[in-house]
Amino acid sequence: MMKTTALALAVLCAAVLLGGLLSGIDRRLTARLQSRQGPPLIQPFLDVIKLMAKERMVTNPWQAFSPVASLAAAAVALVLFALQGDLLVILFVHMVGGVFLVLGAMASPSPYSQTASQRELWQMLSCETLLFLIAGALYLTTGSFRLSELSALPEPLLYRLPLLFAAFFFALTVKMRKSPFDLAGCHHAHQELVRGVFTEYVGPYLGLLEIAHWLEVMLYLAICSLFWATDAKGMILLPLAVFFAVIVLDNVAARLTWRWMLGWGWGASFILSAFNLFWLKG
Amino acid sequence: MTITADRIESGELCRAVAALKEQGCRFVTITCVRADSAGAELLYHFDRELSLSHLRLTVSGDEVPSICGIYASAFLVENEIQDQFGLRFIGLTPDYQRTLYLQGEDSAPPFRGPSGPDRGE
Amino acid sequence: MAGTVIPFGPQHPVLPEPLHLNLKIEDEIVISATPAFGYVHRGLEKLADIRDFRQMIQVVERVCGICSMIHALTYCQGLESLMGVEPPPRARFLRVIWSELHRLHSHLLWLGLFADAMGFESLFMQLWKVRERIMDMNEATAGNRVILSVNVIGGVRRDLDPGQTGWILSELAEVEKGIKAMGRTILHDYTVQKRTRGKGVLSREQALELGCVGPMLRSCGVAQDMRLLGYAAYGELDFAPVVERDGDCYARCRVRFAELGQSIDLIRQSIGKLPAGDISVPVKGRPEGEIVARAEQPRGECLYYIKANGGKFLDRLRIRTPTFANIPALTVMLPGIELADVPVVLLSIDPCVSCTER
Amino acid sequence: MSEAILVVLIIVPFLAALACLLIRSSACRSFIVIATVAGLAVSSLLLQGPLAPDAGMRWAGIIDPVITGGDFLLLAIMFFLGCRYRNFLIIMLTASQLGLFAWLEFFVFAEDQGPALFAADALSLILVRVVCTVGGLICLHAIPYMQAHEQHQNLARSRQPQFFAVLLLFLGAMNGLVLTNHLAHFYFFFELTTLCSFLLIAHDRTEEAVGNALTALWMNGAGGLLLLLAIWGLYSQSAQLDMNGLVAATAGKPAALLPLSLLVLAAFTKSAQLPWQKWLLGAMVAPTPTSALLHSSTMVKAGVYLALRFAPAFAHTLLAQGLMLAGGFTFFAAAALAIGQRNAKKVLAYSTISNLGLIFACAGIGTPGAVAAGILLILFHAVSKGLLFLCVGTAEQQVHSRDIEVMRGLCAQMPFTGMIAVLGMLTIIVPPFGMLLGKWLVFEAGADHIVFYLMLVLGSSFTLLYWVRLAGTLLASGQTTGFKPEIKPFLTRFPLAALGCGAGLLGLAAPILYARLLVPLTSLFPGGRAFSAGRGGVLTTAVGSFPLIVVFAVAALIGLLALSGVSKAMVGRKGTAYMSGANAGLPDHFVGPLNRPVRAVVENAYLAPLFGEERWTLWLNLAAAGLLLFILGGALWK
Amino acid sequence: MGMGLIDNLISTARRRSPWLLHFDCGSCNGCDIETLACLTPVYDVERFGVVNVGNPKHADILLVTGTVNLRNREVLAVLFEQIPEPKVVVAIGACGLSGGIFREAPNVVGGVDKVIPVDVYVPGCPARPEAIIDGVVLALEKFREKSKGKGEGK
């Protein structure tokens, strides 16, 4: 029990540090791609510390409730992942984060935050379905939803799930709120919904959500590593490669509309994944 | 030097404007100038193939017929003149009721009344 | 069903300037868009009552920072004809150079903001990086990056020496290279096309009826360009208006993008033909009478009505800016598009609220 | 002991119903209802399974003729109703039932049949408790509700006696339905619920109400006919009417598949599965207690009960596959239709249909894990859905609309009801609450079948979407005007609070239920996988595990933490909403054109072209009908 | 000691993570485009952690350009009120300082400080990007003064 708790804490600390750092790398890399120098790598941490020390201000008490729940959900999901738990349970727990993010955003009278929460719902729909299909693929290959079974596979999952992997890339782009799918909120404010679902979260609440976002991205990258779970090197390199690919895509694409995301993006991803599953089953 | 413009009465304004539209003129804008007496003078500018033609209308009272029905794009400039000169355009849609730039009826039209540095303030 | 009502502006990150749109939308499709103005209104024209006709040059330069030089140019040209003054040839060519530099910087600025409106941040950054070269040229030749105070009645105030013209030519080559590099993305990228093609479509007839001017009108297939009037030295230069037919945001983008090349070309021609001589003529007396002056700004036809009575102060100065003429088109283009496209369509008219409201 | 309890559970509601009908004093009626509900709830909790094989046999001599007589009476009443409303379908269906039943009763069924009259396995026990507690709470809630309801109607003579009589009768019928082990008796109770539902739906006597009630009557009449045909078929297979015996006797018999498939189809109509959903959607016109009762604890649960009860008989056949697919399809399709709804009650209705589809699918999968999931889902769904219906009903009486957009900001207007409603919605979509636990079990059990898994994934994502949207809408900062403080009678608040607690905490009991009640079911399903509720409250299946207690504890901790954060936030400066800087003083207004304040409104995106029922119902029904044919065909194939 | 460390950390973070809200309060666009130019590759203020958030609720520094007029005065006040503490206001350009060349125009109220308290004034017509960056840096120093004794934004 003690060991588990210690492991959980260690995983969380590592994930926060790594997640923040990745966010720093993201900003720096984006800046380089835009011919700029960009902020220092620790900038995300400075941002969060600053946010935590800002004034608390809410238009509806739920805005104070939601970030805590959202962050906690991401943290629990990540810990369960580290403990090699049931992928389905991890995904269910992870969903809670999105649910509360939307609830908090809808609680505000601001039309921007509310409109964005509608879009966030479509985004959630897109991401969650694809993740559950990955869980299904995991089951079909290993006969179990437990992550612990994966390392016993003879070859990386990627070989058998190329189409699903492509769909996952789509989901990751949506989740990381990167162009062309930074629809319901993104890291810079230049979009028609201001900062989307984050518009109304002030100071510490935004800070908590920022950390929650780091953790969620870490979880996604961890899920990405499942595609190459047979080899430690692959488990690190594959997520990193995908991460950089997302950032590059962010910088070579305009934002598309949520109708496009739902119709072409998600529709194609879902069909590809389903096809992959049938193929897997043989 | 003055601009050569056809003088018209407010009653025949709409007909004259409609006729210009028939000829394929692009509506450019309306200029409002204070006349020497209490009234104002409206200059309607039209363009065809880079050459301008003008209509001149002298307003004695407060009310002018709107040409929004003929050129819908005139709504902006007519609202502007309502704000600046306190005229009223009859049939204007959408009518901002002197709130296009100003805060409504309680703020006075700035171009009404005498002009010049000694005449202002 | 009531649908959704969103206040779009006055303060909004995609709007560089305060403008308000009362948007009624349903499932993120715009049903109606009612604009509200007055957030940048200053009442500039009224300043003619207390600033004399020469001081007004500085005021009209500040109608709008993006096309300041051309405002002053239109105003000065109006007064010049009113007072019967003919500016020397060198001044006329210099005016073209600065006008076209202005157009370059304005179009690059617009392309950047347009890219940003559709969420293409890196394109925005690259375009503005190129634009900084123009700003440097502005600063080196006119002493200010944004507001180029070079026009006076009867000519210009500053001259270009051969070193400067040579430097401008070499800088322009760099700018041209930068623009070409981005052309592929701007004109052929899938996501950009997805966001601009078929959005905010105006037919040729609609555009004329709504009184559109400048690139708005040219993107609908009308070859209307005030430079064809031949003011300054345009009559002696070789150019043809850029015309597109589709009348959508993509066509507007193409027009403005092509005009970048046209401006560079016009500057090169002007530098090539730049005659020697004075840059201004002395002007005496006071203006009297009334006149309408027009010039082509980056956003289109700009119209000045000047009425003077022979005194120090003008009787009436009226400025009809191109954005003012293009705004009515918004009321037609906005309904029916997606909320996400509102910034794109809104920016496609290249709004300058500061011009519009003065 | 258990016989006495059986009497209380089945007979007392009938007597109480009679009393309600006769005594017109409202105080007396309230007392009768409260006493009956309390008695039922206590007895249902006291009832222990399994019953002795001879439970109730002593009165078999009385029960049998009474029920047979009752059957004829019921069918006669329905026939009369069909004639009165000139509904040809109803006349035809009842007439054929009448004929068939008479023929079966007098010529086919052997007189000396002596099946065990009552049985109470895990399934029956859970359902009885659900009927008595959740159904009971709904009856309590109905007391103040109906008073308010009638105040609007200006009736010359209160129609509450009939209403409560039918309500209690319904509870009795449901108790009988789930406890009886005699298939012919089951048919009686089945038909009784049909009639009760007709009376409840038609209660307001508006044209729409009567029309919808008639739809319900003919559809369920068709279900009754199918059931009767199934009974005939099953009887001809093994010459008995003992339900448990029939299950054992028909298991693995290809010839029994046809009657079994008819049975499943009958269950589908009762549970309003696609393409039979119309009657349940129409039932929404009735006063809310009716909808709550029909949707959560009774009526529709009769169908899934029937399917689950007979699941061992057709486990792992093509019929089961068809059932799984049809259930999965309904789960997905009804969830999709729910997204397009802006009528709160209809969202709840589609959600019910969708969840019942999931339970049917469980019966179709037929592994112990799946069946356990199905039974747990019945329980959790009843509690959560009952709660939500009561909340929406309470809200409807305050805001006088069922439109979700009108309910926007309900939590500000009605903090108690609103918050409980949000809690209820969260219990459906968020772990560690019960519904999600059940869904997790279904995922684990259904992952072998890709098509089903795809439907499951889509369906549960859609479910998440419409619930979050509805919850968020209720939570939104509401209109500032027209604020009335929420003052509700105790009988309104108590059922809400009780169901709220139940929905929140019942999930915790899942491991115990799982270990005590559901594991014994394993033996009925050959080839099932091992599953267990292990140490530390970890639910384990062969393919995964759910650390329930830990997640619950963490969730509770986080909830408290977040609440303390809320209390901190309440102290600080209250912010105004971002309106592009154009705020006009009031929380949701901005300064619009003409300098006038405009209210900023946001409506949810219901995406009618993508999820609208007008557009899709026909196609979805056709697809569902195709799947039903597949079920029938699957039965004929072997 | 521990508290001192945390205070230091917060103070550092504040100075190294200034998020801007830029509001055009009736400017001629000159100062606006120069403010925007600060974000672009040549000036790249993100090097210092500056982000243009475009939303008062996330901002630390309010950059105001232009003369205030009767209509946008209300907007300016609302935006200022919506920024959570600690916050700093920077007025940019001659117009933001005093109304500039427009101060006698009929619909002009005057400088930004007629409506909200201004901490830093950046002169120029228009203010150059370097001057604006300098103004932001000065504003950061104001944070150090403001955080003293104020702690967690009370």
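Going by the order they are written in, the chains are A, B, C, D and E; count residues from 1 in each one.
The criterion applied here is as follows: a residue touches a chain if its C-beta (ideal position, glycine included) is under 8 Å from a C-beta of that chain, and two chains touch if they have at least 3 such contacts.
Values in this document were obtained by computation on a predicted structure and should not be read as measured data.
In terms of the stated touch criterion, the partners common to chain C and chain E are A, B, D, listed by label. Path length between chain A and chain D in the chain contact graph, taken as the least number of steps between touching chains: 1. The central chain of the assembly on a C-alpha centroid basis is A.
Chains A-D form the pair joined by the most contacting C-beta pairs.
With centres taken as mean Cα positions, chain E sits 40 Å from chain B. Between the CA-based centres of chain A and chain C the separation comes to 43 Å, rounded to the whole angstrom. Each chain gets one centre point, the mean of its Cα atoms, and the points for chain D and chain E are 59 Å apart.
One finds 33 Å separating the Cα centroids of chain A and chain E.
Shared interface positions of chain E, defined as residues touching 2 or more other chains, are 23, 40-41, 52-57, 71, 75, 79, 84, 106-107. Touching two or more other chains at once are residues 575-576, 578-579, 581-582, 591, 593-595, 600-602, 605 of chain D.
Counting partners per residue, chain C has 4-8, 10-13, 28, 34, 36, 38, 41, 43, 46, 50, 125-126, 129 as the residues that reach two or more other chains. Contacting chain pairs in the structure are A-C, A-D, A-E, B-C, B-D, B-E, C-D, C-E, D-E. On chain D, the positions that touch chain A within their shared complex are 422, 426, 429-431, 436, 440, 443-444, 447, 450, 453-454, 457-458, 460-462, 464-465, 468-469, 471-473, 475-477, 542-547, 551, 554, 558-559, 561-563, 565-566, 568-570, 572-579, 587-588, 600-602, 604-605. Looking at the complex, you find that chain E touches chain D at residues 23, 55-57, 71, 74-76, 78-79, 81-82, 84. Across the complex, chain A meets chain D through its residues 55-66, 68-69, 72, 76, 80, 85-89, 92-93, 95-96, 99, 102-103, 105-115, 117-118, 121-122, 124-125, 128-129, 132-133, 135-136, 139-140, 143-146, 194, 199-200, 202, 274, 277-278, 281. Listed in rising order, the residues of chain B touching chain E in the complex are 101-103, 107, 110.
Listed in rising order, the residues of chain E touching chain C in the complex are 21, 23-34, 36-37, 40-42, 52-56, 66-67, 69, 71-72, 75, 79, 101-102, 104-108, 125-126, 128.
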